[in-house]
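For clarity, chains are labelled A, B and C in written order, and residue numbers in each chain start from 1.
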Amino acid sequence: MLRTRVWVPYLYVAPAVALLCLVFAYPVVRVVDFSTRLIRGANGPYVGSLNYQLVWEDSTFHDALKHSALLLLAVPVLLVLSIFFAVLLYERARGWRIYRSVLFLPYILAVPIVGIVASYIFELNGALNSILRAVHLNGLALDWLGSEKLSLLTVGIVIVWRELGFGIVLFLARLLSMSEDQLEAARIDGANWWARLRYVILPELRGTIEFYVVVASITMIAWVFAYVYTLTSGGPGTSSTVLELYIYNQGLRNSLPGMASAVAVVLLAVSIVSISLLLVVRARARAEELA
Amino acid sequence: MKASTLRQVALFAAAIVALYPVWFMLSTAFKTQHQYLQNPYAFPWPLSLGNFSDAVHGGSFLRWFKNSAILTIGAVIVSTAAAALAAYAIARMRFLGRNVLFALSTALMVVPPVVMLLPLFILFTNLNLVSTYQGVVLIYAGLTLPFSIYMLTNFFRSIPHELIESALTDGARNFSVLWRIVLPLSAPALVTLVVVNGLWVWNELLIALVFLPSDNLKTLMVGVTVFQSRYNLNVPVTMAGMLLASVPMLLVYLFGQRFFIRGLTAGAVKG
Amino acid sequence: MAAVRFTGAGKVYPDGTRALERFELEVADGEFMVFVGPSGCGKTTALRMVAGLEEISEGEIRIGERVVNDLEPQERDVAMVFQNYALYPHMSVRDNIAFGLKMRKVPRGERDRAVDEIGRVLGLGELLDRKPRQLSGGQRQRVAMGRAIVRNPAVFLMDEPLSNLDARLRVQMRAEISRIQHEVGATTIYVTHDQVEAMTMGDRVAVLRKGRLQQVDDPQRLFDEPVNLFVASFIGSPEMNLLEGTVEDGAVRLGGDVLPTPGAPARLAEYAGRRVAVGIRPEYAHAADGDAPRLRGRLLVAEPLGAESLVHAELDVPPVLSEEVLEVARDADAAAVTELRSAAEERRTPFLARFAGTVRRGSGEPIEIGVDVSRLYFFDLESGSAIR
């Protein structure tokens, strides 16, 4: 530890604290406040839980909530695919470095660009359906974006497509940092591919899996605005509206900041619960390790 | 089939899927509208270059690019500077509230920006910070700050304390120790920060959409959505535009791949 | 150049560990002072308090005329050489050495001249543009020295600077550090737990134990007149033999043997009939000749060292098992303690002696050890203090 005058450390943290207050603390306090007011413009009378009631009675909110929850299903898909491909690469498949670069490439593309490009690929008469028809899979040539049943699924597919690269690289990096003795020992002990994965690799990846599950869950709940906005704008109807888009629409399009704030508070609560879950799980894992 | 063959098949298929949208963007950009409508997946032949001049004239890619670059560079600098100062104090000085600050700041990593959107917008409207570079740089810097602090604090803690003590007895003040010893030794962590935060800011849409509505301040991400709605029906021109918008990142990736991959994973793998 | 004075200095770490207690010591201007003691005795702590890297909990420390308690490290004009050298890995050797001057705003030209001069003195000439990782251990050590002396500090602090070097290099650097210190003439505090290093390098040596100063003296006096059992067993290599004996009239009984005590201090008479600790340095124990006073025991093994042999024997006398002796034994080798304990139960003590030439006798055979009785040490068994 450095010896300093008492106030010096505060000088060092001041800019960061000021920024955090400006961008996080003040807005969070205000958003909680807003959610209890009837707002037109910047202020309004206190209305208690009215906004929450209005939100609760709004079927679009239910849709948005349901869709955000459904997007969480992409997390296990991402997890399994990431680990699967990371292990394939880790086993030094021929050309694994090139494959790594290629599989990571989608993550480099900006989300809005991905959304726009995908919106043309998945069009009713877009590239995907044309290819499917050309190989006589007409039955699979569906209206990916125009059908209420499929639009959310399509959004999910595009998200998985882009986010997978990060998962693969993350797990691969963890695998590469692990000592190979264990795997070699397991191989000498006669463990087959599945047994090595199950008993050597997965236990080793546990911390990274926890981390990734939480990061991916938060992405799904709270950071998919750009995908939805560029792919479907939430449509058709409300069939792919998610919480973030709902907040954006209510707050800025429909000028209902009170309701938007109420949903924001709900979203904040969900995020806090996720991080707490991570911290609890990690603390428990660490306690186990120590024991 | 042998295991290694299966492996190759799986990886090859995945590679095709990963590359296809890029290929689609690339091939469509070189087609005429007519060619595209006839067959959206065929090879572009004869090559047509007209889409690019249309795209360049129809969009303001250079201006959008400039705006995005200014915001990204500004936000990364502010975020890194504020985080470095704070992380240095948290990692190396004793003060009341140190652990609380670190825990809180770490927890903020998961708070979604959309939660703060409305109050920030109202506040910035009152402060006349909407439609300014400074305002949005502050927001981006603030939003990336929790990760920056987390990353740098952990890194600073791993620097041998003798180096710092040696610099102190050599006559360096606290700030010179940070500037001349700690930061140069933290180059890997700084690279990570630049990559992760830069990528995030560069790709950000929501804040840019709301806080930079005026035409001459639009970022590349907002620009491409505007561009797309303008050329909605002319797919080849749209793709030419998307391709132009992707070029900077693709170039960075091509030449700085190692930094990208290492940077993105460094923080997570240790934890 | 300045003297360093500890007055009632003490250190309690924030977690409550007491590392230094009522420390009183003056290091004279230009003196080479060595702090020595077993692991954890507070040497590093004392040194870091002088450097300003640890707060001074109690008392005061002066450098020259200034009380430095509240001064930052950079205001104290001290230079420190760390055990692992702490060279800045991202700077060249030249920049490493120049760093302190740069921080003190010495103009560039002067800085370069100083670095070149130091480089010449330390033989670092062609290494100046390398990075630390491109240097060998000994070269790094020299760079660390150079970085410290280039600034011409009031006080030089070194914390076990040789412990990372191999044995040969250590001997060589020992001489070199002494030479440089004499050339520069800077007040130096040198920490080590190697008592050979302490004895060969120090003008004076301060022996610490559990945060307390035991004795400060020049190496010869430390060797000849240890103030207590701790210093006696810590200083000297091979270490002093310590046996339990009973004081008789003008003599001391050690098991079945009686040694006369001609040069004994008058106060020993007060212990008549009581048990005391008797110390015999291996240097004053030889092959018995004529009818000189002797101790009888069994030979365990004799290590031939060329001109003489180091004789490991065993006497039927109880050993001294005081806390001080055990602590020194533990510091050297944890297993030695159990060995000592079991020896005590069987009332036998390992004994070291230096015999001239080669010993031609087998293990287990009886052996007679002649003792220079004017060189006996006596200690109170209760307090551990020397009787004199």
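Simple rule for what comes next: a contact is a pair of C-beta atoms (placed from the backbone, for glycine too) under 8 Å apart; a residue touches a chain by one contact, two chains touch by 3 or more.
Quantities reported herein were computed from a predicted structural model and do not represent experimental measurements.
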{"item": "Contact graph of the chains (line, ring, star, complete, other)", "value": "complete"}
{"item": "Most central chain, Cα average position", "value": "B"}
{"item": "Between B-C and A-C, the pair joined by more C-beta contacts", "value": "B-C"}
{"item": "Between subunit A and subunit B, centroid-to-centroid distance (C-alpha), Å", "value": "16"}
{"item": "Distance between chain centroids, defined by C-alpha means - subunit B, subunit C (Å)", "value": "58"}
{"item": "Multi-chain contact sites of subunit B, meaning residues that touch two or more partners", "value": "168"}
{"item": "Two or more partner chains touched - positions in subunit C", "value": "52-53, 72-73"}
{"item": "Residues on subunit B engaged by subunit A in the complex (per definition of touch)", "value": "3-4, 7-8, 10-11, 14-15, 17-22, 24-25, 28, 39-41, 78, 81-83, 85-86, 88-90, 92-95, 98, 101, 105, 107-112, 114-123, 126, 138-139, 141-143, 145-146, 149, 164, 168, 174, 177, 202-206, 210, 220-221, 224-225, 228, 235, 238-239, 242, 245-246, 249-250, 253, 257, 260-262, 264-265, 268-269, 271"}
{"item": "In the complex, subunit A residues that touch subunit C", "value": "3"}
{"item": "Residue ranges of subunit C in contact with subunit B within the complex", "value": "48, 51-53, 72-74, 76, 78-80, 82-84, 86, 88-90, 99-100, 103-104, 147, 151, 157"}
{"item": "Residues of subunit A defined as touching subunit B within the complex", "value": "1-2, 4, 6, 8-10, 12-13, 15-17, 19-20, 22-24, 26-28, 30-31, 34, 42, 84-85, 88-89, 91, 93-95, 99-106, 108-114, 116-118, 120-121, 125-127, 130-131, 134, 161, 164-166, 169-170, 173-174, 177, 193, 207-208, 211-212, 214-215, 218, 221-223, 225-226, 229-230, 243-244, 247-248, 251-252, 257, 260-261, 264-265, 267-268, 271-272, 274-275"}
{"item": "Residue ranges of subunit B in contact with subunit C within the complex", "value": "160, 162-163, 165-173, 176, 180-181, 184-185"}
